[in-house]
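In what follows, structures are represented as structure tokens.
Both of the next two complexes hold chain A, though its partner changes from chain B to chain C.
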Partner chain A sequence: MSLFIQQIVNGLTLGSIYCLVALGLTLIYGIMEVPNFAHGHLYMVGAYVTFFGMTLYGLNYWVSALVAGIIIAILGVITERVVFNPLRHAPSSNRFIAALGAMMFLEAAARLLWGADFRSIPPVYDKVLSFAGVRVTEQRVIVIVAAILLIIALNLFLKRTIIGSSIEAVAQNPDGSSLVGINVNVVGMLTFAIASFLAAVAAALAGPIFLVFPTMGELIIMKAFVIIVIGGMGSIPGAIVGGYILGLTESLGATYISMDYKDVIAFLVLVIILTIKPTGLFAKGV
Partner chain B sequence: MLRKSKRYVSLLIMVFLVVTVFVSGCGQSAATGQGSSGTAKVVNIGWTGPLSGGAAQFGKDTLDGLNMAVDEINSAGGITVNGQKYTFKVVALDDQYKPDMSATNGRRLATQDKAPVIFVNHAGGTYALQQFNTDSSNPFLLAVHSSDPGVAAHGNKLTFVGADPFTAQPDPYSKQAMQKFGKKLALIPAVTPYGQDWGKAMTSAWTNNGGTVTGTFPMDYNTETDYASYVTKALSTNPDVIFLGGPSQPDGLVIKEARQQGFKGGFILCDQASMEDVAKVVSMTDLNGTIGFMPLSQLSSPGVKKFVAAFEAKYNRVPTFHNSGMYYDMKVIAKGMEKAGSVTDPAKILTGMKQVLPITDDSVPYQLNSINDKGQMIIGLYGTMISNGKYGQPFSITPQQ
Partner chain C sequence: MLSKNQKFKWSWLFYLAVLILAFIFPALNPGSYYIQVVSLAFIYAIAVYGLNLIEGYMGQLSLAQAGLFGFGAYAAALLTMKLQLSFWLAVPLASVLTAVVAFFIGLISFRTRGHYFVIFTLCIGVIINLVIQKWDAVTGGMNGLIGIPKPTPLGPISFDSLKAQYYLILVFLLLTVFVMYRLVNSLIGRTFVSIRNSEELAAALGINVMKNKILAFCVAAFFTGMAGSLYAAFIRFIGPDISSPTLTFEFLLYLLAGGQASIAGPIVGTLLMSGLTESLQFLRDYRLLLFGPLLILIVKFLPMGIVGLIHKLASRSPFRRSAAKSLNPSKTVKGEGL
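For the complex of A and B:
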């Protein structure tokens, strides 16, 4: 039983990180109709900013995480302005290629600036909590709780504020929303800022558990992409549910089915879900 | 209609994603080393290995050692062969750890750069290059820094392996670990061919010494983000010792996770990991009972001290074992060229290299004993076990001739 609970905790930790990254990806997809491949790399830069904030400038962990969030949000807005905004009337394949370009640029820049070696964010909440034979570090609990809080905050923001609703409006119908006076430009930038902020905070949360290296974004974007396909492209509840499904499938599938086919199991779930519901679990009405 | 097109978009995206993972970072190249001076002619030394992607650091580590050897030889005036002075120039190409790219790089280095020697630091690339390194048009000596026993096993006449085969390590490691912790072993090898071979060698050494294996849990150390579920699974089999087959820092995270989940036993590290790098992500106390390669900087022979000091002066960091491999390989190659009286004929160079061994003075960090008929150099290497938060005494892991 403790094996089962331990793996549930492992799956939830991983799922929380997946969720936060996938949420940003799905938000951006909603307004751009193209997945931002560079999103995983913003996550990576976020991890580096947290790392340097703590090691070079001696900042507190939470301050570094916040600084990373803000810097990456600005970086996200710059990406939107420089890369995607000029292409908003171009065919979607152009935005596609631009996103790939941004991704390669960020990875190469990180390797050039910071080198290819693994780094690790110094652990802050390393104490082990133990209950019913299950041993979990505080950091993992923080990841799970923080992800839930961020998800609730994001939902409140989107549902209860005017700015939030305007993001949803633009995602549903960009022409219609500009007709009723919503500034689509501002909403675009805002969406990138929020999405990038979430990615950076996810990286800061995951940093003390995982390693920081230039290609870490590639791994997460692959998973995040699978998640938004499972959940339905552009759907927020889809990204949340998809994130936890993938995290839990990976850890439980590895335990009870086969370690060798861990990723196969995750992709099998994707295939099954797409077979039953080709548009994903929570696809937006078209 | 729209729904359908969205599905195509997602398919397209997947394809693109896969393509980019393969394409990103390719075509990088770096040429270093010094040019010709005076009347000396320049011999190009080829290098292919990962400079981008997940194994980039490993690639750079080996390349740094090679560059250092070449710079040392050049600043001492190069080598003299048949009265002619020669200096070396390293031509390094990125292959992202992919055999097909190693082959492309190898052809380029052999034909365009006329390199008589090409270095490679992984088994996959070695197999690819062994397909054509003996071709009569552009033959070259393949200098391999890989401990995979397969690289020397193919009977390729122009292969020089400058690292001991790892098959020598599991037996002494098993004895040490069993004596201290007990007879039950769980393995978390890497999914690569190298990792699988290591796992098998470890399993047979462990069972030959009278131990039992509780389970094998292969893991992709390069694409896995969270190791916790593997650790949980491995610990559920109640092992006394865990074998780890990944690179240093991921191994470190696995050890940390295992300690946090309450594991009290020992660890055995494969030779891809260096203990000093593992210790960067996990405390020395958590590392108690970890067995692996003795860190180069912890050895006290004059050759090691000289190498460590020179490396620190040049690169401003403490070298690991991986930094030293191509350094001493290159020293042997340069001496072999002088002995053979040729900088172009790879077969003669290899024969010359066999004749200049053993090298036991302080020009190289390890004792270089001999090169056998498979092209395998036998090197005096050491393992150690961490106890009480400190590196223990070195014990020999040199293979029998």
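For the complex of A and C:
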């Protein structure tokens, strides 16, 4: 039983990270219909910035996470301006391909700048808490709590502030919102900034638990895509639910089915769900 | 009308010259390194022709291509190593097997559309890649398979030398180009293009969209699997890398650089980009640093690739006024040239 609860906690940790990454991806998709392949690589750069902030500049963990968030937000806005905005009216497969191009560039740049070595962010909160036979490091608790706080903050921002509602308005109807005076360009940039910030913070949270390396973005972006496809592309509740579902499935699957094939499970879940429902669980229909 | 005929003649002369060059290339003694590079580019080009059919003519961006390439390679390798089949049996068998796998993938994946389809096929590619990595007992896991037999001699012709292998691959490539040329200029090819341009319209005309999509995907997979099995016999060592999404992205780059929905595009793009990679040896691991932005620039400024650009320039020249109207592709609808 305690093994089961242990795996639930691990699944929630994993799910929290997936949620934060998938939320950004789904926000961007909702606004611009861009499947932003470079998103996972922004996550990767975020992990590196946190790593160097702490080791090279001796910054506090939280400060370097914040710095990473801001730097990646700026990087996100730059990709929007340079890559996606010029292709706004291009056919959708072209935007997809451009996103792949941005992804290739970021990965190669990371490899050139920082090498292919595996690094790990020095753990700050590595005390082990244990109750009822379940042992959890403080870092995992921090990940779970921080993710919930960020999700709540994002929802409040989108529902309760005028800027937030303008993002939702553009997602629902870009032409209509520019008609009522919303600057769609600014909203696009803002969305990229928020999404990239979330990805960088997720990376900073995950950094002390997992490893940091140039291709770390590749698997997470594909899983984030799995999540938003499961949840319906552009749907925020879908991304949250999907993120936790995937995290839990993977962690339980790794324990009870096969450790070797744990990454395959995520993709199999997608194949099964799309086989039954080709438009995802929460989609309004294509 | 006269100018159109003339263009016809000129282009055929040009293709003949290219063909002769391809055949005498090893006789020019370019050194085994270059023969190897060009042979490998030919193998990739065969796979890119598969992608061209499904993405260029059918408009369905499948990102499972490297997975299928890897599947074909492993299938051929296992057939020759474990079952001791001859190369001439293993290659068609591996290609057909890949097409069969694609049939089942197609049955499910074509229920989805647009971005869903792209992500779905990407996931299929990742699954194939991960299974190859993890299934140690059959695929050798991360170590891969070593010592795949060379192509079996065909009567008196043996394929021990690099030059002989070059010609073998060239013949397979020409076969692929010929089949693709006949296919896309047939009624079936026209059907594919009509589905690409408007699924609803095609369906309204009585075309079975699902059946045609699966057909295109299977044919594409057949050639991709064939390329994979040739790769296995030529390189004689395969690892899980050849099924990774990175290779799919490279195929895509080759296709876009050359020009999608054209018969010359895949070979032009593959040769050019492989050549570029080889001449930028010092960039080896960092070539994506260049390829990434290049991909973005191509999509933005050259959506029809180099072949598309040549067609555009040719149709602009003052002697070809009459051809200009029919060949000039509009911006949103992909045009097609030879």
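Methods note: the second predicted complex is superposed on the first by the 268 of 286 C-alpha atoms of A that agree within 3 Å, B and C clash if a C-alpha of one lies under 4 Å from a C-alpha of the other, contacts with A are read in each partner's own complex, and residues count from 1 in each chain.
Quick note on the criterion: contacts are C-beta pairs under 8 Å (C-beta built on N, C-alpha and C of every residue); 3 or more make two chains touch, one makes a residue touch a chain.
Note that this is a predicted model, so its numbers are computed, not measured.
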One more residue to check, A:80. First (chain B), second (chain C), both or neither?
neither
For A:90, is the partner it touches chain B (first), chain C (second), both, or none of the two (neither)?
second
Counting only touches as set out at the top, which of chain B and chain C does A:107 meet: first, second, both, neither?
both
Chain B or chain C: which reaches more residues on chain A?
B
For A:120, using the defined touch cut-off, is the partner it touches chain B, chain C, both, or neither? Pick first, second, both or neither.
first
Check whether A:211 is in contact with chain B, with chain C, with both or with neither, and answer first, second, both or neither.
first
Could you tell me if A:279 is touching chain B, chain C, both of them or neither one (first, second, both, neither)?
both
Tell me which partner A:260 touches in the superposition: chain B (first), chain C (second), both or neither.
both
Using the superposition described at the top, list the residues of chain A that contact chain B and also contact chain C.
35, 92, 96, 100, 103-104, 107-108, 111, 218, 222, 225, 229, 233, 260, 263, 278-279, 286
Chain B residues within the chain A interface of the complex
2-3, 6-7, 9-10, 12-14, 16-17, 20-21, 24-25, 51-54, 56-57, 60, 217-220, 223, 225-226, 228-230, 232-233, 236, 247-250, 252-253, 260-262, 280-281
Note: in the complex, chain C contacts chain A through residues 55, 59, 61, 108-109, 111-116, 118-120, 122-124, 126-127, 130-131, 134, 245, 249, 252, 256, 285-289, 291-296, 299-300, 303, 332
Would you pull the chain A residues touching chain B in the complex into a rising list?
3, 6-7, 10-11, 13-14, 17, 35, 37, 92, 96, 100, 103-104, 107-108, 111, 115-118, 120, 126, 128, 130, 135, 137, 140, 206, 209-211, 213-216, 218-223, 225, 229, 233, 250-251, 254-255, 259-260, 263, 278-279, 283, 286
Interface with chain C, chain A side, in the complex: residues 35, 83, 86-87, 90-94, 96-98, 100-109, 111-112, 218, 222, 225-226, 229, 233, 260-261, 263-264, 267-268, 270-271, 274-275, 278-280, 286
